[in-house]
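First the structure, which I've put down as structure tokens, then a few questions once you've had a look.
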């Protein structure tokens, strides 16, 4: 879960990472009560990057210019997103701009320190200068020094940058972050350091043990990664542009099923992933409820002409799965006509399951390829 | 450095260890503004133990009784110490009383968890029930469970006590403690836990990195371990009851010197330990300053008839030591007559040092036994 | 940037794997979190399959019995009561997994299967520092564990889709692993071992580690690797196979048609991947297909194509 | 309470000690904190004694030279420049000692001498978890280090008070060690090795560890142990000598006349000591004298008596 710049800087401030005096601006007229002196930088607070290049950051010298600039920024979408708030910040003259970040490195399975003397907007262009240090044992300051030295720093700057990295690491671990990035870290003419922009990504899995962060993110609108997602409880429907509605358990199986539908010249309308079985707590009853919720979600999509249910190795038996589907259908079919459905099940007690669903006119197909072929034909038949 | 009970409980409260509502009472009339309901317990806030047995804890039912009890407690010395403040606390009915503590175990060189189902005032009498667990790797909750299980706990109490131990451990590590003790940990009839009394000892060496704790202890009068100690800068003079003033470097050498004086039928008046050489930062100039301060401290003691200086392997050379002493003496001897002095030095350039001190009539004696024998004779001669 | 510092962190050698397969010996297993919902469902299934699950651990529940299996408050109490335990399958809630694993390692257990989903990644980092120091094999989290068909089940694989044989199956999915297993079984290819390392960003063991185990396993004649888009595991595995695996390998990767919005990459992570020499598109299907092609590993278009490719590579 | 859980924590075997004495080989030493006041004073003294101090490390001071010795920002840079380093003598400020030691261990150095006074005890706990995992020998903190008279000086011992010979001297004091050394030298007993483990509550190595090293050292014919009141080190050492040391040992303990107020004991610490079977008076002179008597170790009344007792026990 991403934090906005001003939220990231609040964390920086608490940890003693130097940031500039700043103020949140919820509407242009807030600038009349500005407590920091001009010149000031106004920055669009959005989750997307690249705001500087499209006009989301403006320098202003007085209130009149500031209000006008704020109005413009509030109306400016950054990669489709409008800011809810701006950050007004003291202007800072950087002598040089560094890049610092900490991420979780999946190949070494350890935190990775990243740093470059060439930060700012050009960081990706000067990737050859990026240095990295793996934190293989418990963190100690020498890991930070190792990065600073690889970055080519010496003397007081070596020590000052190491101290900032150590503070970033403390935040990273204390708050269970996936990413903490300072870009740019400005070096003033006097040698002082200042975090001019910051990015913090919280790990969703750990949010439950950070009440303060959970409260923080609850107060701000979260970015919708894909605007065409619809949620019900914890389940979500992802919208595509065909006619086969797919209900699966597990991300891998869902992806494989979508791939196979395309291979068979079919088009998926949407999918719902009921999830793996390892979520905690997950008694068998929950899966039955999720199955019904998933069907609800798919039936809400009016472009669905055929439903494919593909459940493999779920915690409940095949006849139990069949029973949930059959009873769901009998309840819903009373009111209106549902699209045809193909149920793919394999394993024990398949005959029982087939018999239960046969009464509802729903075929149980053990082969995934066959089940998909059947769906594709049904979808085409309906469109014809 | 010890904390008073109410300070320890402030730390407990911050960490989520359950403590009762309470209020500090600086003078008896503060009880008229008491915000917690009666019945209330009034407790003398002193660093010494055993206050309960001598009347330092009183239960009161109303304001009139409370004021009278407070007056009595303020006037009651606990092992010689008077309280500066009392703690008024809600009365709590304990069903059972446990003991929990964490100390640093010097033989395993690890933190040690201690616990007993038989806490309260009788803990030392029931030592056979005391259980211990060494935290050999980084702490995890299972170490706390291991102690709780050894204590004989099961079910919900096992989990609740483990959780308290884990919180105590967090405090222990976060605040660099030498000891954290909850005695008694009361188990209410409803199974709830409550820390009725707490003891916290902060490690002096680590105090420099805990600004909050340093501020806390600065506000309260510290116990003087030995009332006959006099400090100058970081040096202290410890008062004894003879006539030989001893100036040494290093605790071990100082102790050995005092032992040898007694063996030689001498009596030490006082001693000043200039300390080892490993204090940081310790440039050579500092030792010369400390040597002069040490001489000042010893000369302030009017019972001193002879001064023994015993410096071994100090950071400055023997001639340098001799020079500092000689110049000190020439400055001080101008004004008044100083007691005779014996300087014990060994090692390189002893002749040079001897020559320097011979001018001041101070003998340099390489053998410690001989130096002490000389001091004993001089002290006796002066008393005769 | 020297190439040395970019090479994968050297994994400690894992304990000899055949221990899992030698079910006739005195290997005993434990369930941590036996009284949790999933623990209660799967423990009897594992036992029914012949796995020697001899005890359960759930703090505060010691003294109970769950369907005949005794429950203890701590692992060391279980060991004191039932004798040496070699394997623990962990079903405790996500934030308790680290402590449970540390407890098991402190009690000398050197094979851990973490089933629970939602373990914070930094807990895994902490766990892995300890598991590397103690040379403990960690599978998961968020995975169905291990099955040696016909012999032992350590996790939640549906056994009826598996059959004994000579194909080693390694995956990071759950139900997609079952899908591939049943295609193999249908196609006449029984399995020597099937393992899912879990789909989390910080898994306890890697594809490489399991490829090495399967390479050394006498029962395994060929290997099927099942991947997904996202992350860099498949790219790393492809490189490793080209360098270190002599047995025939067939791969399958799901997610060709997955909408792009599903793939999340952060500046830092992308930079990190790009610096590791894997290109900016690491995690995409293109990147993974390229990696397998470069390593000359046949890539199945569908689970049902895997047996056909296996026939071809095993003849060669 | 079972006796097992009370036994001293087993120390990992220390690296073979003779490495220090083999000054003719390519053993090289480093000073961490060379630019600190004490580092600048003692580094030239060590070098003058013949110790191969080849580099210094002080963060932010890299590139300097201190009296001909090059200074680096990190240990690994020093090693890259001067070649393999086996020993580090650490003079950095107290709160930087843990990091310096971890850095040295990460760079592969397995002998650490911590001179600095005032290292927080929990930093030492952290340091020792790592030193045990890496089998690193740690001496100190708050100590003058090690001297092998006539060969090598790793610390702040005044070399002019020492002479080569066959007495192993182990102590937890500073200047009292020098006092005993000069009595030994005066009495005709040169020293094979002299070490002070430091007087802190959590020392990097124990009396037992050094007694074992001296027992195994070919140059050492007899051992002198110098203790102080307070703590339980002498009691533990006496027990250990009775059980495991065959060479003759003479002990001396200072503090017989030290005022009682100087000894501080906390409820928890006293309980812990009492439970370890050492009696409530652990740390007092009575307790220590009793322990040495029980172990049949002659106890000198003064430093000057040590050579006399040595003559007696070495004849026997």
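Chains here go by letter, A, B, C and D, matching the order in which they are written, and residues are numbered from 1 within each.
Keep in mind that, in the parts below, a residue touches a chain if its C-beta (ideal position, glycine included) is under 8 Å from a C-beta of that chain, and two chains touch if they have at least 3 such contacts.
Just so you know, these numbers come straight off a predicted model, no measurement behind them.
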item: Shared interface partners, meaning chains that touch subunit A and subunit D; value: none
item: Intercentroid distance (Cα basis), subunit D paired with subunit C, Å; value: 47
item: Averaged-CA centre spacing for the pair subunit D and subunit B, given as whole angstrom; value: 25
item: For subunit A paired with subunit B, centre-to-centre distance based on mean C-alpha positions, whole Å; value: 54
item: Where subunit C touches two or more other chains at once, by residue number; value: none
item: Contacts with two or more other chains, residues of subunit B listed in rising order; value: 137-138
item: Chain contact graph, described as a line, ring, star, complete graph or other shape; value: ring
item: Those chain pairs that satisfy the touch definition; value: A-C, A-D, B-C, B-D
item: Residue numbers on subunit C that touch subunit A, as the complex places them; value: 1, 5-6, 8-9, 36-38, 41, 91, 93-95, 115-125, 128-129, 141-144, 156-158, 160-161, 171-179, 182, 199, 201-203, 206, 226, 228-229, 231-233, 236, 254-259, 261-262, 264, 266-269, 271-272, 274-276, 301-304
item: Subunit C contact footprint on subunit B (complex, rising order); value: 137-138, 140-142, 145-146, 149, 154-156, 158-159, 162
item: Subunit B contact footprint on subunit C (complex, rising order); value: 59-63, 73-77, 96, 98-100, 102-103, 106, 126, 130
item: For the subunit B and subunit D complex, residues of the former touching the latter; value: 49, 101-112, 114, 123-124, 127-128, 130-132, 134, 136-138, 172-173, 176, 178-179, 181, 183, 199, 201, 203, 205-206, 208-209, 225-226, 238, 240, 248-253, 255-256, 258-263, 268, 276-284, 311-315, 346-348, 367-369
